[in-house]
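One chain, subunit A, links the two complexes that follow: it is found with subunit B in the first and with subunit C in the second.
This part shows the complex of A and B:
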């Protein structure tokens, strides 16, 4: 396969925003074009990641709409949907198109505009990614499933409520220093542990918000990178892995591990010829606090049951040996579902380029990893990136 | 009450609800219809305080591992809330909407 570079990235603020979905797409995309010096270039293809704009906003057919809005007609344009991993899946499609030689310059944009509907309606729209027959018709939500996983993990590994609270506390500590984050205020263990219960043992502060926001990437072949005139201002894509698990939680083989992450990570590391020991900075999908711990174990960053020990030792803090979710993760950066996977890559791009917010910049990381969950734990993408 | 299930000839796993294709082994392996006991054990549970539109909180949910081998999501009634814990023995029935409901074994 041919080398693929991330030559530019852009991201809007995440949160409850005034801008409509197309304005968000335009804003993130133009930032990505400007950061790569590719305004005026002819794009071969656009991949738009979005989970359900039709129901969240009433706007559909975002593929052609994006090409037209950005003045990139006649670029090919495709909408990609794998639930909340849509962003990473769109990146994967763009990667494959360049790696295969079919394209030289691709725009990937991920977006969701979720605040135009009531929270209960948003919950109902999001629940469509779960099994209707086995989950949704029982009233289960992603939070309910995460709560059952958290209780089982606590039972098997002795994790306490206050220990689990360290994850959202870290997320908010980082988010407070990220000007693009949905939440920019620190919280305490006490506030998380004693917050309003959503589904016991999880409280409101264990759960990521629903957000508005967009992020975009410009991907280029080696030739195109040179032609645009970029000497070394890019990040290399080293590996991509993608895997599914059984749709309903009840059919999975473990309640405290997500096999799609295990397989996706193995595929990404194999392709990159790297191991988890090589990773310097990570963005993991922490839609619920418990998932960050399980993700760490499933990606292979720590042994089973050992994730919380690493968190307590400060290993996953910005100044630790393995910083995780330096920009606040889904919990504090926010979670516009289709936008998240692209935002994770934006964050790793800024880390590897050395242009992250100064309080969040890790000391010269060489290898970055993104991990994005789709469905409730059933459609995962892991990607590895290298500093040039 | 017995629970409708299917049994894969290849991996021997029991699937509830029954399927024509084994999700674990793929379409090249015969599945047979069977029934299993409605007795099982609670693997994990939660009480959902913020359910989606159309449900009244709290919604008590549990994943139950049946003696026959399959795991199923079940609803609990308010009566079960205080006595439910991991490892509790339960029996299942179906409600009017064809959903599994668990009851703690006496």
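This part shows the complex of A and C:
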């Protein structure tokens, strides 16, 4: 397998934005091109991650549109979709193409433009990724499933409502220092715990928003990295793991562990020849507060049931031993579904390069991890990155 | 780059079918698994090609659903979409994953279920892949663009209406012998030339149908091929090329050549260290009759303007020197958009394995080529395969 480097990254602000989907793609991509010194280079391939652009915006065929808009024709171009893990899956596909020797220079861009449709429409579009047979037709929503999981986790491990609120509080504390975050305002435990109930025990502040936004990465082979003239200004890709679980939550063995994360993480660590102990900074998929705790345990960062203790001890804060979601996570940075996985890698890239916003920069991390959920917990990608 | 083999393939009948999208996926996939002796094996990854399943069927997240339905959880699973070339792009992504050493056993399945929506709705869904800015908002449709191209080709090369009709006539002649084809009835030059005009000079019989259907491939590394116990019952992948062109037809340099095909073919031939002269059997993307002629020239099989002479001489018939679309092509085999690219490879696999329907089997072909168009001529994949 040939080594693959992340040589540049770009990201738009996340939030409810005026720009159209193609403008978002262009803005993040040109930043990534510029940050890698690859503007004007001949790209072999473009991977575009986006979940439902046709339905959210009426614009389809985004892979070709991206090649055209960026002046990268005749590069090959492919759209990748695995629900909200589309961004990481596109990264994985781009990684494979360089690792195989088929390509030397690849652009990966993730985007979603969710605010053009009416409020109720977005959740109807997103609901198609759930099991209609077993969930949607009985009225289940992603939040309802997350609520059941939270209740079960509370039952098994004694987690309290106020403890769970520490996750969104941390997310907003970090997001407040991230100029690209959807929400840049701190919140309190009281506000989360006593917020409007969406699905008991989860309140509005346990749930990530729907956002507009895009992020982009430039991936390169060793040869291309040298040819562009980069000495050590890049991040190494160390491992990628991808796994599925049964589509419907009711068919899974556990409600408080997501096996696709467990398997994807094992695969990524095996490929990287690392263990969870090596990880210095993480982006975990916290679409709902409870997921951050479960993700920590499934990735193997803490023992089962011990996640909240680590949070309470400040271990996962920016200045802790294992900072998690330093940029605000899905909760505060925002969640344009197809864009999220790429944004997570953007965030880890900036951490490992030492160019994160100064208040969020972790002290010289060596190894970073991203974890991205597709579907409701059934299509996960875990990736590991190393400081050069 | 590690060698990649096609060790099995499966395909449903194409047409207006009763089965739902997931049943089609399952049927083609299980055939592919059985034909490769890989039922019960642990798959590393699944790639699902489908253009607009959410809109055509209301079912999204098809990659995970496929893993679940086939009992292949926790395999990684990814949906790939590049419009009607989705199938070939998914094949390319699966190829890259094995060629890199990341995976040893990959299922590629392509599907579209287009008949559940009302007649007018399908073309509205598909229109999103065109340029709204430059084409759709002025009333252009894929057929209208194909008609302009046909008119220009007639002007440049003297092609007549009756000559053009030879393409659908050949497609239906072959389709009539293919039990999986959407249309299994021969037609005449008179019927095509004097059919209902859809966009002058094209008639109904110049245009492929919208179809339901699925096709699937099992790809394996050398090690996995041996481990499964296959001696020489597989086809070798020799080359893959992928290229884009400007999104709107009006932005391209030529109306009678599609540069994305030219570049994709050059890339595939370069990788395979072959030239067009080596090709023994082809599947070309004939969504409209005129495209088969342009494809032949762009791939480099004949000189510019010479395609129709080859057709008239019988060169492209099943018993000719260069059989093209032996199974009926998109015109007669049918065109479930996400399924087509995989079906083309299914067809070339059966030709190289010597297991095509006997009336359609070419005499021991050594090299086969597939050519798949995405968008209106702007996202092309060309692949080359070799008899073992």
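As a working rule, the second predicted complex is superposed on the first by the 388 of 388 C-alpha atoms of A that agree within 3 Å, B and C clash if a C-alpha of one lies under 4 Å from a C-alpha of the other, contacts with A are read in each partner's own complex, and residues count from 1 in each chain.
Keep in mind that, in the parts below, a contact is a pair of C-beta atoms (placed from the backbone, for glycine too) under 8 Å apart; a residue touches a chain by one contact, two chains touch by 3 or more.
The structure presented is a predicted model; accordingly, all values stated were derived computationally and were not measured.
Look at A:139: by the touch rule set out above, it reaches subunit B but stays clear of subunit C. By the document's definition of touching, of the two partners only subunit C reaches A:63; subunit B does not. By the document's definition of touching, of the two partners only subunit B reaches A:200; subunit C does not. In the overlay built on the shared chain, the residue A:148 is in contact with subunit B alone; subunit C does not reach it. Of the two partner chains placed by superposition, only subunit C is touched by A:52; subunit B is not. In the superposition on chain A, A:246 contacts both subunit B and subunit C. Set side by side, subunit B and subunit C differ in how many residues of subunit A they touch, and the one touching more is C.
Taken together, the two complexes place residues 246, 251 of subunit A in contact with subunit B and also with subunit C.
Looking at the complex, you find that subunit B touches subunit A at residues 15-17, 23, 43-55, 59, 61-63, 70-75, 86, 97, 99. By the touch criterion given at the top, residues 120-121, 123-124, 127, 133-141, 143-144, 147-149, 151-152, 155, 196-202, 246, 248-251, 255 of subunit A touch subunit B in their complex.
Residue ranges on subunit C touching subunit A, taken from their complex, read 1-2, 45, 52, 54-55, 58-61, 63-65, 67-68, 72-83, 89, 92-93, 95-97, 99-102, 125, 128-130, 132, 240-247, 251, 259-260, 263-264, 271, 374-375, 378-379, 381.
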